[in-house]
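Please find the structures below.
Shared between the two complexes below is chain A, which has chain B as its partner in the first and chain C in the second.
Moving on, here comes the complex of A and B:
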């Protein structure tokens, strides 16, 4: 009850009226879930399922894409006017409505759609308790940017009496601390250089642009995984386990593996409810089914980030490389047998990183042509690296170095030692104090929002 | 066909499709236990299994198996019907 109240309070902070939107979604989905389960006739099941899915997707599309569609329509009208009537006057843009998306709307609808599909497939039973169902969707640590939780993972936890456990609180707080560190010390430091260079790409040399793009990969990872650590940490303090969202993606040895380690709650959502059904339905096409499923999945996943061609190109690039990796998997395996393992690993990680960095150029650019400008300048414009203030570069590089160090340690030497959970009280607490001190001294406190809040 | 025989033939299909001679399936084997068995290759495996046993799974079946044992059961049922 308290959890639900805090979720509602959290939601109403930005705009109180907007609470009616998730409330409406919750009511419809909750009611449809019960009816789908209860109905004996398949037609009736379908009718409720379809209705609830259409309402959910409709709300998502309305809030995320209305601006895109109306402004595109206005552009089109103006284009026609210029061409046909050769008038320079533009159509009255005051008619343009500006729809502001409610907080975390895409995360909420993804969770409700997943829930409906599972009920429809008969894998899980519908939630009867409206309060519990509402708490699942309005659980405040995950409202703004996920993880895209599964009802059958979260709801059973809600039903167990959450006994106060010291270990939950201490583990949760530790995770929050590490998340804060990644966000304030690493991501927001990196963002200073990234914005300075990528924000004015036309004035910078190739080497500065490459540096900024590499920084952006780390910024993105530190920002998003930092947020996730905090969300998971807060949930843990309250006694809940949320889905893992990142599993050291920057150490992935192929792009296919990368997508199994990056934004896991969303990529598994797409695998379960989008990619697999398509690939299964078209499986008689052989390899083409994989190609078709990969491309459609990643185009939709790209478009989910926003109505902009840049995201479509980002999605196409992922679909393309996944297909290539799938087709060449046997050949690559044979080549790998002839080369020492560590060389393989390094080459794989380096390729995956570079490819992802390349695709992020489109992800960040405001339109496709400016992304191409950046790429062109990277290869053609010589010059020295832009350093306005050496301390920014030093902070950025130290942040990246520390992040890589921790990731490599956790991936390969985790059993060796631990500062975080060191048995020695003194060592453990010293480590927390040092992290906290660095946050207070080197953290950026006006760095602004998390990147993924906008999606 | 005997479940053991099915398991044996499945093992051959897996070795072939995933290009890994080290695979040794048992009824308890899960996708996570086999290197290379993921949502992408799962579909390829399904296609190969359907061809070999001359059966056709439903989409629901393909997404329902939790381990190799359930897959074997499903094939046995299909062959009987």
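Moving on, here comes the complex of A and C:
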């Protein structure tokens, strides 16, 4: 009850009236879940299922995509009028709505859709307790930017008595500290340079833009995984385990592997409820079923991030490379056999990083033409690197170095000496104190909000 | 029996947790104190750079004439001309990128120590514009929080949590590590010439004059306006001769800036002398006196400072 109340209170901080939107979603989904499970007639099951899905997707589309669809439609009509009817007159889009998407709406609806699909498939039973169901969706550490939690993973934890556990609190606090470090020391520091350069790309040289794009990859990772660490840490303190969202994605050796390690809760959601059903439904197409499923999934996944063509291009780029990797998997395997493993790994990590960095240009740009301007300038505009304040660069590079060091250590040398999980209490706590001191000394306390809050 | 054992174990868990948290906090306080004291020592030992200039302005200067403002003060008013022509010591306390919070804080610290004879306050377009970055920039004053209670009310404008964060000894030096390190070397002295706080600009602008529309409306920050009023009343109370100046721009202004209108009105209401060089023909017709469109270069500074001194002398003779 207390958890639900805190979730509602947290939600109402952004706009109190908006609490009615998740409340409506919760009621409809909860009721539909029970009816789907209870109904013996497949038609009735299907009707409840469809109704709840339409309500959920409808709310998401209304708040997040209405303006995009109407604007695109008007742009298309005007384009046709100009090209075919050669008229200069344009229709103005009068259908734009002035609404702000409710907090975490994309995360809430994806969790409810996953829940409904699982009940419809008969894999899990519907939650009878409305309070528990509401707590699952309004659990405050994950409201704003996930993880996209699964009901069958979270709800059983709610039913257990969450007795006090020293290890939970200790591990949770450690994870929060590490998340804070990533957010304040790395992400927000990098964002100073990234915003200065990518926000004014038309004034910067190719080398500055490349630097900013590389920084943006680290910023994005530190920001989002930092948030996730804090969310998971808070949940752990309260006695809950949320889904892991990151597994050192920047060390992935292929883009396919990258998507198994990046935003795991969302990518597995898409795999379970979108990619696999499409690939299975179209299995008669052979290889093309995978190509079709990859493209469709990543276009939708890109679009999930926001109502902008830039996100669709971002998704298309992911779909494209995954297809290429799928088609060439045997050839690449044969090539890999002839090259030393470490060289293979380095080349794989470098390629994956570069490709993801390239696709993030679209993700970051305000529109597609701005993204192309950045790409063009990277290859054509010579000049010196932009350094307004050397200490920002030194702090940024130090942060990146520290992050890579920790990630490589955890990936390849995890069994070696560890400060974070050292057996000696004093050594371990000295390390946490040092992390805290670095946050106080090098953290950016005036930084912006988390990047993924907007989605 | 099992329930009782569980209860005891939970109770023991809490005790264990509180003990460990207590020891951790002690350890963290120790680290914070040691590192903070180390940073503080080297911060106040600097001999060059921006932080040194702030420290010198707040704690050391005893100059008769002080120049306040942002980059347009720091890079345009040469104190040597004031000293030569008015036979009084002069220091330029202006700091690049700093808004009214900084000027007022420096003034408050200075009047606590001594009373300067004359203050020149450079104001610029959009000086009262509501802008979050102005609040973020208060961070340069954080090292003075502990020993300068007169600055508390200004520093606490930064955020509602500032006074809590400032319980740490390290936090006041946030993001300053490399600046402090460099400030303790000779590097800045070689890089930037600093003439009693004045930092000359040497480039020569080579472009045609353009029109700039200043009539665009924006939100006025009432806190900034109040600080400006307080700045004036602080000078009046201490009987310091205050001149408010708008230095030259290299553009033709269309309309007038809201902040500037407000600033001149307040100055007039308080009988403060106000000099406006923003439409001075000599500067508008000569891009060679500028480093960029809003800062005069070393040559322009020489002419501008002398013109301002002429105006001050003329005004004081008239009075």
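Here is the rule we go by: the second predicted complex is superposed on the first by the 427 of 455 C-alpha atoms of A that agree within 3 Å, B and C clash if a C-alpha of one lies under 4 Å from a C-alpha of the other, contacts with A are read in each partner's own complex, and residues count from 1 in each chain.
Methods note: a residue touches a chain if its C-beta (ideal position, glycine included) is under 8 Å from a C-beta of that chain, and two chains touch if they have at least 3 such contacts.
Every value quoted in this text rests on a predicted model; they were computed, and no experiment measured them.
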First (chain B), second (chain C), both or neither touched by A:289: first
First (chain B), second (chain C), both or neither touched by A:31: neither
Chain B versus chain C as contact partner of A:271, first or second or both or neither: first
Which superposed partner A:395 touches (first chain B, second chain C, both, neither): second
Chain B versus chain C as contact partner of A:437, first or second or both or neither: second
Partner chain(s) touched by A:165 [first = chain B, second = chain C, both, neither]: second
In the complex, chain B residues that touch chain A: 19, 36, 38-40, 42-44, 46-47, 59-60, 62-64
Residue ranges of chain A in contact with chain C within the complex: 163-166, 169-170, 390-391, 394-395, 425, 429-430, 432-434, 436-437, 440-446
Chain A partner contacts - residues on chain C that touch it in the complex: 6, 10, 13-14, 16-17, 20, 23-24, 27-28, 31-32, 35, 39, 132, 136, 139, 159, 165, 168, 170-171, 173-175, 177-179
Chain A residues touching chain B - in the complex, by the definition given at the top: 121, 123, 256, 260, 271-272, 275-277, 279-281, 283-284, 286, 289-290, 322, 326, 329-330, 333
